[in-house]
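Next up: some structures, all given as structure tokens.
Heads up, the next two complexes both have chain A, just with different partners, chain B and then chain C.
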Partner chain A sequence: MSGLTKILDIENLNVSFYSDSVKTKVVKDISLEVYDGEILAIVGESGSGKSVAMKSVMDLLPVYAKVSADRFLFEGKKFLEIKGKEKRQILGNDIAMIFQDPMTALNPVKKIGDHLIENIRRHNKMSKKQAESLAIEMLERVGIPSPEKRMKQYPHEFSGGMRQRVLIAMALCSRPRLLIADEPTTALDVTIQAQILKLLKNLHETEKMNIVLITHDLGVVASIADRIAVMYGGRIMETGTKDEILYNAQHPYTKALLKAIPGTENGKKCKLEPIPGSVPQMKDMESGCPFYSRCEHAGEACLCEFGATHDYSDTHKSYCMNDLKQLNERGA
Partner chain B sequence: MEHLIEVEGLYKHFPVKTFWGRKKGAVKAVDGVSFYIDKGKTVGLVGESGCGKSTLGKTIIRMNDVTAGRILFNGEDISKVKGRKLKEIHSKMQIIFQDPYSSLDPHMTVKDIIAEPLRVYRKLSEAEIVKEVSDLLEQVGLRADDMKKYAYEFSGGQRQRIGIARAISVKPEFILCDEPISALDVSIQAQVVNLLKELQEKYKLTYLFVAHDLTMVHHIADVIAVMYLGKIVEIGSSDDVYFNPKHPYTQALMKAVPKIEKDKVLDLNRDILEGDLPSPLDTQKGCSFCGRCPYAEEICKVNVPELKDDGTGHRTACFMHKKMQKNEIKFA
Partner chain C sequence: MGKYIAKRILNAIPLLLLITIICFTLISLAPYDAVDAMTTPKMSDELVMLIRQKYGYDKPLYIRYFRWLDGIVNGNFGYSIVNGTSIYNDLMARIPNTIRLVLPSYLTAYILAIILGLIAGANKNKLADRIIDGFSSVSLAIPTFWIALILIYIFGYKYRLLPILGMNTVGKSGAEDYLKHFILPYAVLVFAFLPGNIRYVRSATITQFSEDYVMVQKAFGASRTEIMFSHVMKNVLLPVVTRLGMALPTLITGAVITESVFGWPGVGPYFVKAVQGMDYPIIMVMLVLSSTMVILGNLLSDILYCVVDPRIRG
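And then the complex of A and B:
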């Protein structure tokens, strides 16, 4: 992977929320790269910090959030130092984002066409007529039938899947280099989910659009992603290619997560193996491994220090204080 | 095997009125459904959102009035009971709701939430109630002293446990589980499913498990019923329907589920079911699925298929079934 150019290159990103002089670290020292021509999936449970990490890229965090990083490069530009007009040029233009709930992301009293035209004219010098024809082209591109008619309709006249398509069309207008998709299919039915995933994959291939997909569904990841980063409690626990994570997971958390999902083969008689306990509060896991309280292999060291790095290949890394090789050989 | 619940030709239509109050039409949420649930078994009800699966469940436990048809509970028709008799029925049929956040009153302590059905249906002294509640809390894996807390102090999975404790507090025979796990994280889902199974064994409970996650339904249910637009299109034993789906809709649904197993990963380039669920307001002739069905022929547009048994108790409502069997290789 080292020969490829990095679109997004983040090292030791930290995000903290401040309220009444209490500081809560929600993203801790995460390092991420998005290479040109790949789909990166960030997997994690709710509250693992996956959305916050990517929203820091889009500058969408509330004012009480503080972002810092050792390195934060988007196409070679030092992203945290860019401000004002220059940044607005990039956001929504080179980087676009789509959200989980397509209903709340659209303005209910505005026509679909106006959503698109506003977005296009915001980033390009274009007449209304030109913008309109581009908008129609984009709606057609994302597979909305009779786009001219649909332009004049309001969001409530669209189904959930169609609304998500509209959001994708809006993001697509400026031909972004990077699309951040924050749980784009979570609110949709499985058949519609498959349609949207197919659309994203198509756009990834035809428009050369790189995608960061945030999701909690490992099945979705299996069907679309190239590389996976598993997050828990604000930290990255394991990264690797799709095959390395799904079929050769090393970290205790990733393994436990995979076991908690009913497989198709292992029959219905066997009991699911849930991860005991629940996700701890952010304030309770300042230092040490966030998985400490639920991990069956947790030891003294895990409480005060977070993971030593284990390298398995160029791409596959996991962070755990235990000697994972020994652990996995014992068949744990 | 004794049937606990038998549903015969159940209809539930919601009238749609014009602004002036004149009847315009009806949303046919449940449109002629017949099936039964054996004592101590679980029936899984799956389908896309808007197909009427929740309405069917809520009509069976008489949260809705019945438009037409019969519901037999322990051999007794409960479709038209009212008043005190209905209250008695409700004490035997309980519900677990989808959203553990909105289904618990934020102003009530956990004790009051769980004790409410006890106070309504059983006459107990205050001391007995406290004893009962602490007993229930321990059964669902919470601590007895949690009863003084409020719902917001718990995580999603723990709240769902409170909802389960409330449902089993009156010792019901039947529980409608209305998507009890879809709002939970993957690692928590397995905990709740295991808890439901434990309680089923302990109290010989009968479940109607409404969900859209097919793998989870297969894991928990003995019988799977697939609904589309107010009708059951396929019903059979869990393994039959899951491993050998016969209706084209079930097959499409099954294929759209993103799976992790290496050879079963969702292939986005293969045929994906196109289109959306049609509105239940539009009355159309023939099979309700024919607009999206890849095998639809003339007969499907005119006649409504009925559920036909294949001899093993696996029933499918499709005309094209025999033809499909011949070129099954093409489909799978």
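And then the complex of A and C:
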């Protein structure tokens, strides 16, 4: 993997929220890379900081959020230092984002066509006619039937899945190098979910678009991701290729998470094992491992310090204070 | 659409009837005998009785109501019991004067409010917002008659720049003279209509800026100006346009106090005088007129909504 170009290269990203002079660290020292030609999935429970981490890339965090990082490169550019107009030329052009709730993501009083044309003309010098035909082409590309007619319609005349397609088409117009998909299927029903995921996978292959997929659904991950980063409490717990994480998980949290998937074993229904407890408040876990309070192997060291790095392969890393090899051999 | 409007108008009729019944009952409950306006203490009881019979005040309430209703439906607004003039003629002379004053003031305030409200809402909690919102809070608390008196004191008394009473100087006419009389009540009314509208536009703008589609546009590289003019503004203007309909009753009864202070020959002083003199036919007509305006205004609002909002139009 190290031979490949890094599209996004983040080291020790920290995001803190300030309110009434209280500082809450929401994302702590996370390091992420997106290589050219892959789909990276960031998996985690609600409140694990996965959305916040990616919104910091897009400059979408509220004013009371503070972002810092040792290294934050997008295609070799120091991304945190780029501001204003220069940044806006990259957003929606080289890097695009689609969101969780397609129902509210479009301006209700603006026609679909105007959404697309506006976005195309923002980043490309193009006549209105050209932009219109490109928009129609893109709508067709994402699987919207009779796009000419649909261009003249308003968002409320589209279903949720269709709106998500429109947003994907919007993102696609400028052929971005990176698409950040923030839980793109969470608000959709299951059959539509599968269609949207298939579309994303398809676009990834044909348009050479790299994707960061934020999700809490391991089923989604299994179907399209190449690499997975598991996040919890603002930290990355384990990263690895899809197979390494799904079939050879090392970290206690990842293992607990995988056990909590409803499924069958040898055709028999097996019991679902939930992770006891609930996600702790961000303010209660300043240092130490965020999984401390729910982890069955937690020791005293876990309270004061976060994870020693365990390397299993070039791609597979996990962060835990325990001697995981010993633990896993014991069959825990 | 036509069907919808027809239905709404049909719905308005029983509502109007109900309003007239309530008004009529309430006025007749007032501890006052309408005949006193037309009699003097020296008149003999027989004469008072005759007058009472002539105007029908000896009849029970519901008969008086139906007689009155019959008149209104046939376009007969009745006569003032104080000076016997036709209410219809009085109003026809006065309503245009009021509209002449209120319409330009309201439109000025409306346009100013849209501009200021958008600026304030887009810069929430910044200096511009603090100034504009502060201004609307303060001016909302200041009564218009007070502003009117201050202006009269400054421009009419201290510097003697502008006339303080009426619509024209007696014996003079022409645009210049009219404008001189017009400017003070106009300013007061703009000031009166401004704060409520600013607040409305401001809060609508703030709500729109927190919508998801604004974030999405940011993610697609739209600048704040683009978001403001190409996205937020249209969404803000939808409810604001419909507010125009609600302003319809203002055209007639929106300036009662200001008109009275400046002696503007509009509906305001006429109504105030009628209330003081317990001239109840005038009061009734005014109540019916203004409630009709409120109902029509609401209807107009709803129709405007249908016209401008694609979600409802569809």
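The rule we apply is simple: the second predicted complex is superposed on the first by the 326 of 332 C-alpha atoms of A that agree within 3 Å, B and C clash if a C-alpha of one lies under 4 Å from a C-alpha of the other, contacts with A are read in each partner's own complex, and residues count from 1 in each chain.
Rule of thumb we're sticking to: a contact is a pair of C-beta atoms (placed from the backbone, for glycine too) under 8 Å apart; a residue touches a chain by one contact, two chains touch by 3 or more.
What you see is a predicted model; the values in this text were computed from it and never measured.
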Fit or clash - chain C, chain B, common chain A: fit
Contacts of A:Ile224 with chain B and chain C, given as first, second, both or neither: first
Partner chain in contact with A:Gln193 - chain B first, chain C second, else both or neither: first
Vertex chain A angle, Cα centres of chain C and chain B, expressed to the nearest 10 degrees: 70
Touching partner for A:Ile261 - first (chain B), second (chain C), both, neither: first
Partner chain in contact with A:Met58 - chain B first, chain C second, else both or neither: second
CA minimum distance (chain B, chain C), superposed complexes, angstrom: 6
Footprint overlap on chain A, where chain B in one structure and chain C in the other make contact: none
Complex contact set, residues of chain C against chain A: 211-213, 215-223, 226, 230-231, 234-235, 238, 309-311, 314
For the chain B and chain A complex, residues of the former touching the latter: 48-49, 155-158, 185-191, 193-194, 197, 212, 214-216, 218-220, 238-239, 242, 252-253, 255-262, 264-269, 272-274, 276-277
Interface residues, chain A side, partner chain C - complex: 58-60, 85, 87-93, 96-97, 99, 101, 104-110, 118-119, 122-123, 154, 156-157, 167, 170-171
For the chain A and chain B complex, residues of the former touching the latter: 45-46, 159-162, 189-195, 197-198, 201, 216-224, 243, 246-247, 256-258, 260-265, 268, 271-276, 278-279
